[in-house]
Each structure stands twice: as C-alpha cells, then as structure tokens.
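Structure below; questions to follow.
For clarity, chains are labelled A, B and C in written order, and residue numbers in each chain start from 1.
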Amino acid sequence: MNNVTVGKIEVRNVNIYYGKFRAVKNVSISIPDKKITALIGPSGCGKSTLLRSLNRMNDLIPGSHMEGSITFHEIDIYEKSVDPVEVRRHIGMVFQKANPFPRSIYENVAWGARINGFQYRLGHPSMDEWVEICLRKAALWDEVKDKLRSSGLSLSGGQQQRLCIARAIATRPEVILMDEPASALDPIATLRIEELMRELAEEFAIVVVTHNMQQAARVSDFTAFLTMEEDRSGILVEYGKTPQIFTNPVDSRTEGYITGRFG
Amino acid sequence: MKTLQKKRRDVNESFHLLKKRRRPGEQFIESTLVISGFLSIFITLGIVFELGKEALPFFTSSDFNLVKFLTGTTWQPQIKLFGVLPLVMGTLITTFIALLIAIPFGIAIAIYLSEYASFKLRSTIKPTLEILAGIPTVVYGYFALSFVTPFLRTLIGRDIVEIYNTASAGIVMGILILPLIASMSEDALTAVPRTLREGAYGLGATKIETTFRVVIPAAISGLAAAIIVGVSRAIGETMIVALAAGAGPKFTFNPFKGAETMTGHIVRVSGGDLSYDSIDYNSLFSISLLLFFMTLSLNMLSQWVVRKLSEVK
Amino acid sequence: MGEKQEPLFTPTLLRRNRSERFWKILLQFSTFIGIIILVVLLLNIINQSFGYVAIGYKVSPAEIVDPGQNLEKLSVPQLAGIIRQRVSPGLLKQLEKGKTLEHYSQTELVKLVIEKIAKPEIVQTWSFWQSLRMREEIRREVSQLPGTRLVFFSWIRPDILISPQSSNPLTAGIRTALLGSLWIILIAMLVAFPLGVGTAIYLEEYTGDSTLNQAIRTNINNLAGVPSIIYGMLGLAVFVRSLAQLTSGAWLGLSNSESANGRTILSAGLTLALLVLPLIIINAREAIKAVPDTLRQASYGVGATRWQTIWHHVLPNSIPGILTGSILAFSRALGESAPLVVIGASTYITVDPANVFSRFTALPIQIYQWTSRPQPEFRNLAAGAILVLLALLLSINAAAILLRNRYKRY
C-alpha cells in the first residue's frame, strides 16, 4: 500500500502456522519508521501472532513456522544466518501484562543493555546515565528516581508497564512492538501510556495491537484491520492511514467492525 | 550511484548487525546439559544391563531351569536347588500383611483429611505423616524387633510366635507405607472437583454418603495408583525384613514363623563373604532382576491406571 | 387419582445420621492412629535409651587400689605404678610408644586403669520403664551379684559421638559411622546435585513436550520407584567390581590392602548418588516449571539468549525450591542402609576414614549391626544411636522447611 519509501519492516505474503493450523493467512503490510501502526480486529484473528512474528518471538512456541518474508532493513529476519537473539535486540517488545523482572528497577533497565554489550566509553553515557535516559523517555524517572534499588514489582500496574517500556528502550531498538499494552490498566494509566506512545513515535517505529478501537483512532498514524475467515485464519482486510480507515473505510467488513456491528 | 553505494554499505552494516554471534561458552554449557539429559536413560539401561550381565552365568549354567526357578520351593544353592518361591512367598506374606494395615488406615486417613478435617487438624496431621515417612527403615526394623515382636509374643503366645516372624515385619512395613498411601490417596481425593460433591449435597446427601458414592468413585484411579505404589514399595523394602523377618529361605504360609524375603536374602548373602562369580553371587543378581521387573511392572501399572481410568471421566 | 402420583418418602434421616456419626468416629480414630504410632515408636526408642545397667568387673576396682583409697583420686605416679604392675608387657609397650606413662594426664590414666584392668562388662540392662517400675527388685537382684555396680545409664551420652566402634558396649561409639556417613553423603551430593539440576534444566528448558521428553520423564519416575537395594546391586557390579581400579584408588596409588577390592567410601557415595539422582531431577523440574513463563518471555524480549535467560532469571527464581527438595533427598540418603550393606560396608572399623578410598561404614549400618547382635546391651546402644540419627535428620529437614517458607514468593 505504501510503496514510495520502504518501511522499516516489510511483511510480504506471510502465512503463520501453529502445527497444521494456519493462524495468519497471506498478510502483506509495511511498517513505516517513526510512526505508530495499529493492528485492530476481533479477538482470535491473529493480530498478536502477526505481531510476535515481527521479532521472532513465535520461535519460542514449538510447532510454529511461517511462510513468506519479513524483512527488516531489507534483510529477511528468518534467514538461516540471522540470529533471532539479535533481531529481538533491534525490535523490542512490550507485553500485555506488565512483566518486570523480580529485580530492582535499576536492574530491570540495565540488564538488557548489559547483555547486549553496553559499554562505557568517553562521549557516551554511563550505565547510570543510560538508565536515567530510558526511564525519562518512559515518563517514569520522576516517580522512581529515589527508589531505583527497590523491586520492580513494588510499582503500580501502570508504572510497571512503563518500566517494561523503559526496559525495551534500553537495548536501543529501532522498532517497539506493543501487544495490547494498556488492556490490563485503568483508564488514567491507559491515557498515560497512550501519551507515551506518541512521544516514543518521534524516535521509534511503533506497532501496537489493540482491541480498543478508540485507542487505535486516538493514537495511531496507520491502521491495519484484520479479521477471521471461516477456517479461523486471520487475513488482512484493509490497511491505510488512520483517519481514512475510521471515517471512510473501503471494505464493508471494516465498516462493520468500526461501527460496532460485530467483534 | 553514490546513494546506491551508501545504501549497500548500510545494508551490509545492518546485515552484520543481525548475523549470528558465536557464543562458545553457551555451546559448551548446552552440550553438557544434553549429556545430563540422556543420563537417566543411560542409568536405566545400565541397571538392566549390569543385572543381566551378572545374572547371566547363573541363567546359562547347567543347573538352571527356568520352570524350577520360578516354581521350586527350596532354595539351597549348595545342593543345586534353585527354587525362588520361598523368597517370593516371604515377600508376598510381608507385603500382604503390610497392606492389611496400610490400605484401610491409609485411605481412612486420606478421607478424613480431605473431607472432614479442619485446617488446624490438617496442619498437625500432615506433618506427622511426613515425619513418619521420613523415618529411616533401620529404625522401623529396630521397632519391629524390640517392640512389635515381644508384643505379639505376649499377646498371642511365645510358642506360636517365633522371635523372627513375618507378621512383625509385615505390621511395621504397613506403618512404613501408610503415609505413602495416605498422602497419595489424599491428593487423589482433593483433586475431585468441588462441583461433584456439591451435586450430591444439594440432593441432601450426608457427607459419608457423598464420599462413598461420589468422591471415591471419581478418585478411584488415584487410589488404585496409590495402592499399587504402596505394594511396590513394600516389595522392595529391605531393612525391616532383614532385621525382623528371619534368615534362611523357608516356604511357609504361617506369618508367625520366620521366613526370608527376596530383599532380605540379598542383604544377608551380600553382607557375608561373597566371592565374585560364585554361584551365590550370580544367583543374587538373578533374584535382583526378578525384583527389578516386579517393581518396574507395578510402577508402570500404576502410571497406566492413572492414565486409563482418568480418561473415563 | 392424585394420590397414586405422589411418591412415597420414608424417613431415613435418623439412620443416616447415625451412620454418618459412626463413620466419622471411625475415620477420626484411624487418623489418630498415625500420631499414636509415631508416639509409640519414639517412646519405645527412648525407653531403650535410658535405664539401669548392672556393670560387673573382671577385676573389681576395690581390689586394684588399697583399702580406703579412691581410684579416681589417685595421683599420676600411683596410677602409673598400678598399670605397670598389672598390665601385660605387650600392652605396656604399646601404651608407652609415644610417651611414658608418667606423661599421661590423670584422667587418661584413670580411664586406662578402668578399661584395661578393671574391664567393666555389662551384666544386664533394663529399659527405662522397667527401671522405674521395678526399681526395688532390680536393686535386690544386683546386690546379690558379687562385684557388680548398679548405675543409671544414659545410652545417649556425649561420648557416643566421639568414640569409635568397639566390641564393648560401654565404650562403643558412633564416631566412625558418623564420619563415614558424612563423607558418603558429601560425595553423593557433589555428584548428584549438578547432574540432577543440569538434567532438569535440559529437560525443562531445552526440549519441548516431545515424545522423547515424555519417555525420559516416565523413565525418571520409574527410576525413582526402584527399590534401593537394586541400586546397591548396581553399585556392586559397576563401582565395586568393574571400576575397582578407579574406586579403590589404585590409579592414584592410594589404595591399601583393605580397600583394594573397591569397597570404598567413593563407591558408596557414587551408589547413593545414583539413588538420589531421580529424586533431585523430579524436584528440580517442578521448581523450574513453577517459574512463570512471562518472566522468560520478558527476558527473550530484550534479546537474551536461552542460557542467559536460564542463568539470570529461571535459576535464581527456582533455587529455593531446588535446594529444599535436594536437602530432603539427601536426608533420605542419610537413612539408607540396604544399598550400602550390599556393596560391602565394613563390619568393624575403629579408625577414622583417611580419604575417599578407605573402607566405609555409615550410621544406619552401625545401627543395623548393633540391632542384629544377640546381646541386649547392643539393643540399648542401637537405641542411643537411633536418637542421634533422628536428631540429625530432624534438624536437616527442619532447615529445609525453614528455607522453603522463607523463600515462598509466588
């Protein structure tokens, strides 16, 4: 659909299988840089599966495999010589339920950076400084700067999720994938996360899965609508700029979902 | 042109970015883990292999006859009589007596704990059972010899009950496997979903009626498995019978007389002067092999029972 | 016509309630049986551990010293003189190997006099209960026996821990057995713990729910159910016989004539390691499985490798559970005796083990041997040793449970 500039991540004719079951059927999509792309659709239509394939998290599920190509910087991330561990460093993830490590707040942010080879050199931030930078970008610094050594689990739900965002940023990714990041949070915490997403989009490419349509309309630049076919596999129905999808959808199914007729 | 070259350079850089990093430390660790993973299979094979290897000279010797081995009622290697039945008999009698005690009491305790007992009571009884389960078998053997046997002799009569007898050993073995059966049965009973019980209560059934009609049938596979595991444990038990049941293979049905079990025999003969490759040595392994297969089949039976009968639900 | 449609319910509530009460009492009774048995067991052992002992002397202390003198108050030169007088020349030479008699301490000399000259022997023992109830009769009986003293004896005395085994129940102790047990358990620990935890990590983190994994799991469960004596036979065939070169220390030149046959602490430790291994694996797997998957996902999400995830996240969160279970497994190994008898525990050792290639014995084996002796004194001695063993096990298990409760996080 976008063909002038090549997206950060290009998904072409992707089918994702769990064993024999096809969860995602023939999806092609482009993830542009420094923009928020939302994946919406009824539950079970493969949005999360598609999201997880973008950083090879599906590899962890036995029996899952995929056809098609997903390229990042025009390199097929599923190619044999590509290390999934490296992929995940460049394409980070925030999960549905906040899952900070049972360690200190400082450690939560620092660990990811450390194992990926963070080094202190003149002219570059030290670990302390980097932790502060990441926590600031996640809009959490002011609330935790006095208790960096306390456990990450001692924070509220919304704070924990922002901590997870800070943790994801710490490995200096280029893309951040978010799987329904605010679905377990109260409305106020949700709004804070949405504000945060807009700020982050100035630096990263963001892909967010959400079943909250209003959230997608509020926050995203591009929206992809997926739905489930009779054989329970997910297909891409329509993809375009958010304002257009929500006010003037091309496909009737999109219109049906948006107006609440189903899903 | 320049932009294309720059682009290619960017791509190359990015490609190196994503390429697999070699992590030799991790590979080494992973290989050691794989080796340990297969260790358990190795051990099982080792048991069968070693037992078989040492027993083979016995099985292939000219004096050996499989039928006579399994059905003969005398075990006297010196005169080449190799009937293993006396030992099996000893094992069976002690096991049977043990079950007479452990099954009723064990299941009763399990029912009481799962259906009746208050939280406070449970937290006193469960640790007690755990302590009973943790007592070394020598101590149980001591108990059999120093308390149970004199007790039986005063109760029933010194001329009926010998100093070494299978009844004392059996009773104490029952005490040994009681906690095992009780805790496994209790797990099986508590695993029965509440809704099943509530269906019966809702009809106005009493607790005991519900227990007998609903809970126990639902948990029957777990109970059966518990009993089978108890049997297996009793068959393999050594120290209690070594101390209290008696020495010397004797084919008898009388529990008040002494008799030797398979395990007791192994312990007695190997504790004495044993030379490698003697007929005694090799025959020990044949008995061990028999014992191994008995307990192995029982254990597999219990696992099968759990799988098969729970499908019925 | 309506009457025929009405079902008839006869009142059965009374009978059913009675039945309910009956069964409830029956069940309660059965349950308390468990506690009763435990109490009876402990009482029985304690009963045997204390009681009157009639000690007879080969040479009564009264005959050794001059009338009016108290043996224990004699001076060093006096005691030395007595010893020189009455002891055989061979024994005297042995005693004076390191230093002359005059250089021994007074208490040592008193002990020597009693041990080697007076030679106390146990004539009869009574249990605690008997000692309480039949006090007068016992006193009467003993006073009729010449040269015997009546002493209220506690079979579990501090000496029991530091004295080696001996054929005299008065001086026998569990020192060698205790040391042997500790050495053996240590070796078993060093071998089984890393192997067991490593296997558990491999099975839980590296293999999925494949058929191979299930087969291995069934296999380990079966191994856990194999009677301990079979492990003894395996140890006999493999460690003692086939690997005799290795386990006897011959490859290091450390073997001595007694243990060249491979019946060493090393063999015993390895055999127990095999026994304990399935338990450790099963327990470690449970602990590792209990770590929530979201934690692993989070770790992978920041680009960690599998081993990094295991080392930094899975293991630290499962270590308390692993340790608790392993400690319990080892306390079980401490009480095992059947496999050790099979691989050839020594029946009589009086010297401390020098290294892993020495002959071995263990505490439960010592108890077994003493219990098998016909003399009733050894029964009492065994009771004392049992108390030590139970105390040891109790403290180990209590430590494990404390550990589990302290770290119960999830």
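As a convention for this text, a contact is a pair of C-beta atoms (placed from the backbone, for glycine too) under 8 Å apart; a residue touches a chain by one contact, two chains touch by 3 or more.
Computed from a predicted model, the values in this text were never measured in an experiment.
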Open item on the list: When contacts are scored as defined above, which chain pair ends up with more C-beta pairs, B-C or A-C?
Closed with: B-C
Task: Chain closest to the middle [Cα centroid of all protein chains] - done: B
Task: Inter-chain centre distance, chain A versus chain B - centres from mean C-alpha coordinates, in Å - done: 52
Open item on the list: Roughly how far is chain B from chain C, centre to centre by C-alpha average, rounded to an integer in Å?
Closed with: 21
TODO: Determine the centre-to-centre distance between chain A and chain C, using the mean Cα coordinates as centres, and give it in whole Å.
DONE: 58
Task: Per-residue multi-chain contacts in chain A, two or more chains - done: 85-87, 90
- [ ] Quick one: which residues in chain C touch 2 or more of the other chains?
- [x] 305
- [ ] Flag every residue of chain C that touches chain A in the complex, lowest number first.
- [x] 208-210, 294-305, 308, 312-313, 317, 409
TODO: Report the residues of chain B in contact with chain C in the complex, numbered from low to high.
DONE: 23, 26, 29-30, 32-34, 36-41, 43-44, 46-47, 50-51, 53-54, 104-105, 108-109, 111-113, 116-117, 124-125, 128-129, 131-132, 134-139, 141-143, 145-147, 175, 178-179, 182, 206-209, 229, 232-233, 235-239, 242-243, 263, 266-267, 270-271, 276, 284-285, 288, 291-292, 295-296, 299-300, 303
Open item on the list: Show me the residue ranges of chain C that touch chain B in the complex, using the header's touch definition.
Closed with: 16-17, 19-20, 23-24, 26-28, 30-31, 33-35, 37-38, 40-41, 44-45, 48, 195, 198-199, 201-203, 206-207, 216, 218-223, 225-230, 232-234, 236-238, 241, 274, 277-278, 281, 305-307, 331-332, 334-338, 341-342, 344-345, 364, 367-368, 371-372, 379, 382-383, 386, 389-390, 393, 397
Task: Contact set on chain A toward chain C in their complex - done: 55, 57, 60, 62, 85-90, 92-95, 97, 99-102, 111-112, 115-116, 164, 167-168, 170-171
